[in-house]
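The next block holds one structure in the form of structure tokens; read it before the comments.
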Amino acid sequence: MSNDPIIRIKDLHKSFGPVEVLKGIDMDVAPGQIVALIGPSGSGKSTLLRTINQLEDVTSGEIFFDGALVNRDLPHRQREKHLNRLRQDIGMVFQHFNLFPHLTAIENVTMAPVLLGRQTKTQALAEARALLEKVGLSDRADYYPSRLSGGQKQRVAIARALAMNPKAMLFDEVTSALDPELVGEVNKVMKQLAQEHMTMIIVTHELRFASDVADHVVFMADGVVVEEGPPDALFRAPQHERTKAFLQQVFEG
Amino acid sequence: MGLDFSILAGYEGVLVQGAIWTVGLTVASIVLSLVIGTLMAVFRLSGMRIVRWPVSFVIWLFMGTPLLLQLYLIYFGLVQIGLDLNAFTAGVIALSLHFAVYDADIIRAGIVAVDKGQYEAARSLGLSHAQAMRKSIVPQALYNVAPALGNMMIALLKESSLVSVIGVMELTLSAQRAISDTFRPFEFYLAAAVIYYVLNLVLEQAVKAVERRSAKYR
Amino acid sequence: MDFALIAKVWTFFAAAAWVTLQISALAICLGLCLGFAAALASISRNVLLRFPARVYVSIFRGTPALIQLFLLYYGGPQIGLQLGPFEAGVIGLGINIGAYMTESIRGAILAVEKGQMEAARCLGLGHVQSMRNVILPQALRLMVRPLGVNAVALIKGSAIVSTISVVELTYTAHRYISSTYKPFEMFILASLFYLVIVSVVSFAVNRIDERVALES
């Protein structure tokens, strides 16, 4: 196993119209590493996450995934093909779950692997059952999303992403839309993934969870990385005023 | 027989005259339909069954039947009861009634949607039920449903072409007259279509402008 | 009310109602085909698809259906298009309602949450696969009601084909009004048939909508 970073971001810039939201980001993520992205809202952390699988295109800079340049300049059709292939290896979980409401929990999980020819229907069903069991939802396999709680939906969404057997997982504020009592069950699943050495980038507001699960924390503000390091160092002894102010605000507020 | 648009040359006057009548017909029917529609909406919400039920029945009947059929009923029916109105008046009445029914439905929904507190506030200021409706509730409701009413007006312009069948000399019938002279249906119907399209664009812009203004007061 | 007259002529109205039903059903089918094609074209990235779709909707919603029908039926022969009244009626009504259906279908597709497309694409599905398996199944459920409104409007609007002498309900009512001078009786009789057809269609649309609606 090489120690080359699986995700490498170089001098990334991104503007929405006249507003520059990412102002030159550099970041490396090693295989098996768990990175927490923290920072005030509007700092650009969600946008950064979404550029990695090109839900947002970038203005300039480079993103590499598993050695391949993600934001290759290609004609539309080839670019789509290239991205479809890459995205199969990058799982993503959203704040608002985005489960497919017309499909049951297990159909949500099996759809992509079957459509993309990764697995036969039978294989996919067996795999999906195992995944739903892993996230603690074997008894909800045939429920439609409307019958599931927020925490259950999010766990199905994680199982859905895992069904593609991704090389890395991106989590975009996945517990922000949940009632407080449902946060724990989702965090537990993520911790379990961390123990299995899944490569993860987690955008989160929950600093305690970040310090528990991450082995590297990146603090962003105003489109730049202000400070990064192991959670102990960053949370106990922040070097920058911005970081100190943010941590103080969050822990007191 | 090919197409020859130079044939239109002698008939600009006829078409323009027809377009003017279409505009007049449309404007008169829009105004009248809004008045009747508002009254119907208020009656339909009224506590008095004697007015609520007949109005609800007429609304149901007219919503389920074609304008063209209603047009024949009104044109021939009025003659039957001894009212020999000219075709234009009959056309305006038919178009107004037809669209009033839809307007009434829209306005009624708008009135119901106005906050109950508004009505109570008006009553607590000493206004009677009728005054509260007239001064406070109905105007607010009309503002709220302006976009939906605007769509009705745009539909009315196009549907006004139907009154050509009872002999109103509007745009469609004017085109037909020119065609019976020249035997050139394609050219003249296409010319009429272009004029309708332009009138429709103008009306759409007007409706949008009103919507923007009404949105400001919300 | 002249009930004896109604009793005498109602079978003619029933036969005419059958024609109204046929012409409406065929026009609705044509409209749905055109509507789906134009709606998909109008949200395409390709301007060569998008532009004609927008033009189609704009022209056929911007001019009276009656003029479109006359242009097709009376003007058609001038450009080599000879159609009988029934065929012209189906095609004219179908193309017209198709423009309105395009907007209903397009609206339903655009009403599906943006996150659904993102989630599908993140799993590695292509645009077409995502459309077919994620967006359209949801949009189909959302478009039942607006398309039902279009269908009911078409059934009533089909009365205009009486002007090109298709012997349907309104044509029959008009003919009996002119020959019997009983406008109210004839109106009520024709209305009954329209109301039955429209009520049945509305009821069916509501049932379908309830059946397929997604809980939120």
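So that you can tell them apart, the chains are marked A, B and C in the order they are listed, and the count of residues begins at 1 in each.
By our rule, contacts are C-beta pairs under 8 Å (C-beta built on N, C-alpha and C of every residue); 3 or more make two chains touch, one makes a residue touch a chain.
These numbers come from a predicted model, not from an experiment.
Chemist: Which chain lies at the heart of the structure, taking centres as C-alpha averages?
Modeler: C
Chemist: Most remote chain relative to chain C, going by C-alpha centroids?
Modeler: It is A.
Chemist: Out of every possible chain pairing, name the one holding the most C-beta contact pairs.
Modeler: Result: the chain pair B-C has the most contacts.
Chemist: So the centre of each chain is just the mean of its C-alpha atoms; given that, what is the distance between chain A and chain B in Å?
Modeler: 55
Chemist: What whole-number Å value describes the gap between the mean CA coordinates of chain A and chain C?
Modeler: That gives a centre separation of 46 Å.
Chemist: Find the geometric centre of each of chain B and chain C from their Cα atoms only, then give the gap between the two centres in Å, rounded to an integer.
Modeler: The separation of the two C-alpha centroids amounts to 21 Å.
Chemist: Two or more other chains in contact with one residue: find those residues in chain C.
Modeler: none
Chemist: Along chain C, where are the residues that touch chain A in the complex?
Modeler: Going by the criterion above, the answer is residues 45, 113, 115-116, 118-127, 129, 133-134, 137-138, 141, 214-216.
Chemist: List the residues on chain A that touch chain C in their complex, please.
Modeler: Residues 53, 55, 76, 80-81, 83-88, 90-92, 94, 96, 98-102, 111-112, 115-116, 144, 146-147, 157, 160-161, 164.
Chemist: Mind listing the chain B positions that touch chain C in their complex?
Modeler: Going by the criterion above, the answer is residues 1-3, 61, 64-70, 72-73, 76-77, 80, 158-162, 164-165, 172, 175, 179, 184-187, 189-190, 192-193, 196-197, 200-201.
Chemist: Hey, which residues of chain C end up touching chain B in the complex?
Modeler: Going by the criterion above, the answer is residues 59, 62-68, 70-71, 74-79, 156-160, 162-163, 169-170, 173-174, 177-178, 181, 183-184, 187, 190-191, 194-195, 198-199.
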